[in-house]
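Look for chain A in each of the two complexes below; its partner is chain B in the first and chain C in the second.
And then the complex of A and B:
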């Protein structure tokens, strides 16, 4: 503050006012996250870490949940990178009480193994979930997470091109499998320790704001 | 920077205290319900004795003989007034259309009336007309009674949901009314009220948005709106819900009654601008 007052040549008697102004302007822009009724619920899906997991397995943890797919060219990797940045800002104790879930809407292509590899690029603690189309649709309906397959044409994205570098079992480069493109919600669902939906983040949500909101739920 | 700083401070602090940007005063649904019921009954052409106190003073200035006859009070606004005598006082602005069976077009009245109502029972103690201006243009007659009575009922219903321990919903429903709550497995009004009561909310407030009343047949209507429901649960946490409400109603002999009721949760309203989809 002294630096600022000197720099701006502000009289000392104005400092308290300036401090007040700064405090007002820096106050959190959002109140603590309310509980959103009429959305959410427990479910079970195949986990990228193996076996089947239920949402309720993450009781007492704050969950950030995103619906996407590994073949997504833009918003999914951007969002997962954004969440990864947020997680890195948390203390180890806080991180232990936060779980990121990535629910694949592309059950035609994504497998638990595939999801595990994809998510490890962002953070090895992230868990991918996938299952039959019916089960994914049920979960998407619970959370009003809209998605729609854009066309029947299969595509190959940059991530798939990277996959081409992987060697197959016979030592040759594996054939790249192609997936579909989807239009899907870009919301990051934020759930509290009782699995209640408390709000949403987006890729554009400032990290400081996300951190403050997550900490308010811990 | 020097001259700018006080200005910046003023703008910031003014922004925090300006009444111009303060949130609208929340609607008192009990009070508004009583006022809509009052005009709904007046529009039937009789003085609603059950809605007034014994010593009420009613000027009925809009009526030719100072006595209610069939007409249509279209409420434009209800503004609360300060009161020091323990009564609830409001200023009601209305468009009044007199009913003439031989002529469905005529001059309406622009009315401003001050009503005072008893504190708890909301009976009309006085009605004083402060402005009665006859229009200098012709209007077609539009009935208002049924709409006023339906609004009164919806406001009373809303008040009951927000205060589940006080009244029953049953009196507002027909004997064979269908009922669907937004909660899975609750399809009885008494069970829904019991569920709401068991929540033990410290505070519950439903705000009605986008109310639309549509006639279906003579004396039968459909009403649709959304509740923006905010509750403070016993743990002090704020809970929010958007609820779509659809009602079927019948109005007969000055009484509106619900014949079908359905609520369902809507997805939370989110920032569509921020919700990029790929």
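And then the complex of A and C:
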């Protein structure tokens, strides 16, 4: 207690000053999202709302774009829930000027209809995009959004191993499992009203920080 | 396999008298997902108050098959990786939580667990009795936000 009092006596006026300085330094860096060069570009893909859409159809909107797949148990639904919470924090006017795009990298399984069912669960305004493997790869290349499919055999082998450890009770089921896992970029791409990439969020980015940055682009 | 048996043998020796019921499980939940989903995540918090490491080797449920997985971020890539087992060191808390370790539930026996359902889980440990817990099916983000930002 004596120590605490002592500290308070020594620096009573310094801490508000430091606080002000910290606020001055941090506020502009948070609000300022630079225009990133060498990444991005227009594209067209099949939409979960029907038909084909171009990125440029969302001009004048701030776009948050995520590459994922619906057979992803953890990261994709966690990210979609995180973004939907952010969207819920925005005013209706702000929301009207924000568009969330989910680009499926699983063109073998995901269809526009399936994407629509999936995304509507998080927020009916979210749009899913999918197309042929070639077209998805072109978009992924534009945004440096690498993805890798972990081969089915490899995953199935892992399941087999696990079930052997389970003493084989679920062995047959495990072999029937058509499991596959994708590794994919963790970035949520943030694009401004002119479709320029302005930065990235991640699943763990605090909602307040995301909200501040989105608002700075609106 | 030989190393595995040896490892198990050593564990048995080093943990005489350990009761798996020492493992405490909190906050078991499953994310409510669309009925068209093929996979849903299972999350829970494992607390080992004992003096000996405990090892989770699997989770079973009558509602579907559960595999242990880990999401790992490496160079901005999210990598999904099956894991064979999860160690809970003595006096440690290990969380299966969004964007990290989790159970991936698939092959649903009676449909995708719906919001409000309670799903029985049996935790299989390397030694000791299996532990039965119940997971709640919860909607969307609040629980996930809580899990992601709460540090134990």
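The rule we apply is simple: the second predicted complex is superposed on the first by the 161 of 218 C-alpha atoms of A that agree within 3 Å, B and C clash if a C-alpha of one lies under 4 Å from a C-alpha of the other, contacts with A are read in each partner's own complex, and residues count from 1 in each chain.
Everything that follows uses one rule, which is that contacts are C-beta pairs under 8 Å (C-beta built on N, C-alpha and C of every residue); 3 or more make two chains touch, one makes a residue touch a chain.
No experiment lies behind these values; they were computed from the predicted model shown.
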First, second, both or neither for A:36, with chain B first and chain C second: first
Touching partner for A:203 - first (chain B), second (chain C), both, neither: both
Which of chain B and chain C A:108 touches, first, second, both or neither: neither
Partner contacting more residues of chain A (chain B vs chain C): C
Touching partner for A:215 - first (chain B), second (chain C), both, neither: neither
Touched partner set for A:60, first chain B, second chain C, both or neither: neither
Which of chain B and chain C A:75 touches, first, second, both or neither: both
Chain B versus chain C as contact partner of A:187, first or second or both or neither: both
First, second, both or neither for A:52, with chain B first and chain C second: neither
Residues of chain A at both interfaces, chain B in one complex, chain C in the other: 72-75, 146, 182-187, 202-204
Touch list for chain A against partner chain C, complex: 70-75, 77-78, 81-82, 84-85, 114, 117-118, 120-122, 146, 148, 150, 155, 158-159, 161-162, 165-166, 170, 173-174, 176-177, 179, 181-187, 202-204, 206-207
In the complex, chain C residues that touch chain A: 31, 33-34, 36-41, 57-58, 60, 65, 67-69, 71, 73, 76-82, 84, 98-99, 102, 104-107, 124, 140-142, 144-145, 148-149
Partner chain A, residues of chain B touching it in the complex: 1-2, 5, 8-9, 12, 16, 182, 229-230, 233, 237-243, 265-268, 270-271, 274-278
Contact set on chain A toward chain B in their complex: 8-10, 14, 17-18, 21, 24-25, 31-32, 34-39, 72-76, 144, 146, 182-187, 197, 200, 202-205
